[in-house]
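Each structure below is given as structure tokens.
Below are two complexes that have chain A in common, paired first with chain B and then with chain C.
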Partner chain A sequence: MVTNRTKTIDIAKDFSSVPAGRHLSDGDYSGEFFRESLLRPALKEFEKVEVILDDTAGFGSSFLEEAFGGLVREGLSKDFLRSHLVLTGVSPAGKRYKARIQHYISDAEEPDL
Partner chain B sequence: MAKDAAWKRRTASSSRERSRIRRLRITYRKRQAWLVQMGHIRIIAPRKLHPLTEHSNKRRYVRTITPPPVLDLEENYESTISLLKSIRFATRTLNAKFMIDLKALREISPAAALLMVAECDRWREKTRHKWLRAVDANEWVPSVRRRLKEMGFFEVLRTRNVPDGDIVPGEDRYVPFLTGSRNVGPPAVALQKSIEDLGPALVDGPALYDGLVEAMTNVKQHAYRAPDGSDTQRWWISASVNTSQNRMTVLVVDHGVGIARTIARDGKWELLRRALGPIVLKDDAKLLAAAFSLDSANRSQTREIHRGKGLRENIKGYVSTHESKGHLHVIANRGRYRFQRDSRTDFESEVSSQLATEFNGTFIEWVIEDYGHQPNQDN
Partner chain C sequence: MASVWDGTLAAVIGGVSGALAGIGATTWTNKTNRTATRLEKRIDDIESATLLLRVEALAYWASPAGPDDSVAALKVIGLWEALVSRVDMLTGLENQVGDLFQVNNHVDALYELITGSDFQAKERQADSDKVARIRTECTALCTDLHASRRMVNRWRHFWKRRKAN
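Now for the complex of A and B:
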């Protein structure tokens, strides 16, 4: 769904209900593929990006860390992500993943300039 | 001139002689290695009468591996691993001309059954032109046959018409194994479905999915490093459920180099050396325990701080967040690690121990009590 300034990415519908793995070599729906094909382009184009974390079979840490922590390593600042990325998790698992992603973003090392 | 020709002849002759001696040495060494191998084969697989020729005029003898009566990684670890190593050794040296007498087997645990299946499946993959056979499956202990059949052992052997054993109420039911190397999401979901087909729906399905996909992704990322490329990046997963006790066992196994050996490559070596000391680094049990308990402050000192979270957050996390009683059991190299937790009594324990016999690969087992929604919980 796209509004003037916001894009919503429902991972289960727009990407895969079975996301897993860190790198492209791990499988077809890896964290790296999600970041590069959907998340980073959306963050460049829209003012806010909402990511819905419910209704997938789950997420391994590798997927979440690479998809979201990887944004910081790829040069997006933590402050930028705090103001432009909205995480939505309503189910118990969704809430757990939301907390993990926030932790991965704050834990990720920013690249040396 | 004549002197030069004679010198050339002598040089050529001594060069030929040196080559001949080198060849002889190589042949001698190969022969010695073969004799050592055959000596070992005589011990692990003595010749026994082939069951199909027992009542015929042409009796045939075949090298036969006899398993111990109980295959179990908890109660009978050494004998179980020794059998698996014997099978691998025999497949390599005897080129399929041997038998495993499974009539001798009285009891097999879910973990041991998956290891047997994985060993035979791996061998089948490497020698596609040869067939494994179940010669006298009718004479096996029915509960062993049923468990192996449910897990998919006879699919690996390509044996049909194996009788079903009677299901005794209260016994564990096994789910068919799955194997692969990539795209770990769909098999994790398929395994969950197989578990739910045999009993209640999982209480926390996403947490099991997380643990499974991380265990399988680790195989791809870390487990295989054979320099000659002889290994494949495969994992095998399966499970068993006991609906009367509401207990589930989920298993992941690979034949890689093991978690303890891969820590160095992940950039944790220096950290571990500083935290544990150089002597401890030779102790796989302590390495394994460290891999499952490195906290974020420690990890921040590693070169790749973003890696290695899956072991603690998902694989150990499935037990530590499940609202019931359960344990995680991991075997890798010469280390065994066990984490137990009971959410009702707030009991938690973590134990690691050194093993006398090395396990070639990594084995992960989750045992969860009250794993499913009881009917009254659904209402």
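Now for the complex of A and C:
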């Protein structure tokens, strides 16, 4: 769903219900591919991006760390992500994934400029 | 004559009050027992989920990536999610089962250990160090669950003792 200012990415519907792996070489629906094909472009174009984490077959930490921690390593600041990225997880696992992603973002090292 | 009636009345009131108190205490104890049994069952379920996860995660990391790797990985994630759901069922019951902070820390640590690094990678190698750490983390989680189990039992026996007294 897209409004002028917000884009919602439902991973299960818009990407894959079985996201897996860290790098492009790990498969068709890796964290790196998600970040580069959907997440980063959306963050550049829209004021807010909501990512829905429910209804997939689950995420490995390798996928989530690469997709979200990778944003920081690729140059998006943690403050920018705190104000532009909205994570939604309703199920117990979804809530847990949300907390892990916040942890990956705050733990990721920002590149030296 | 009046004092005889007063005494009889007092005895009747005393008897009825005692009976009511007894019924109340029994009802409360039974309710406490039922709650304790339910909580113990939930703790058992968490322990079972941990053991299932342990078996699959150890098998996954004891061997390198193979043709069934993606299925095995999904199974591991599903078992971790099942563990999360079961731990979540104790949330809000900390008065009876104790602080779940450590249990939750172990659940997160297991997630990082099991599904981190080369998880789901095409060239994943077996990792004996990871196997040992998963084993240790699962044991630590079950040890912390014993603390919750002890607390439930202490709480149950407190009411049993009160009833016996």
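As a convention for this text, the second predicted complex is superposed on the first by the 113 of 113 C-alpha atoms of A that agree within 3 Å, B and C clash if a C-alpha of one lies under 4 Å from a C-alpha of the other, contacts with A are read in each partner's own complex, and residues count from 1 in each chain.
Note that a residue touches a chain if its C-beta (ideal position, glycine included) is under 8 Å from a C-beta of that chain, and two chains touch if they have at least 3 such contacts.
Model, not experiment: these values are computed from the prediction.
Per the definitions stated earlier, placing chain B and chain C onto a shared chain A by superposition produces a clash between them.
Residue contacts after overlaying the shared chain place A:Gly69 against chain B, while chain C stays out of touching range.
In the superposed model, A:Phe15 lies in contact with neither chain B nor chain C.
In the superposition on chain A, A:Ala93 contacts both chain B and chain C. Of the two partners chain B and chain C, more residues of chain A are touched by B.
Touch criterion met: A:Ala108 reaches chain B, while chain C stays clear of it.
Legend: residue contacts after superposition of the two complexes on their common chain; A:Gly60 is shown touching both chain B and chain C. Once the two complexes are laid over each other on the shared chain, residue contacts for A:Phe34 go to neither chain B nor chain C. Only one segment of chain B in 39-47, 147-155, 273-281 or 327-335 runs into chain C in the superposed model, and that segment is 327-335. Where the contact sets of chain A with chain B and with chain C meet, they give residues 18, 20-23, 25-27, 57-63, 65, 93, 96, 100. On the side of chain C, the complex with chain A involves touching residues 70, 73-74, 77-78, 80-81, 84-85, 87-88, 107-108, 111-112, 115-123. Note for the complex: chain B touches chain A at residues 182-186, 188-189, 192, 204-210, 213-214, 216-217, 220-221, 296, 300, 305-307, 309-310, 313-314. Chain contact summary for the complex, chain A toward chain B: residues 16, 18-23, 25-29, 56-63, 65-66, 69-70, 73, 93, 96, 100, 104, 107-109.
Within the complex, the chain A residues that touch chain C are 18, 20-23, 25-27, 57-63, 65, 91-93, 96, 99-100.
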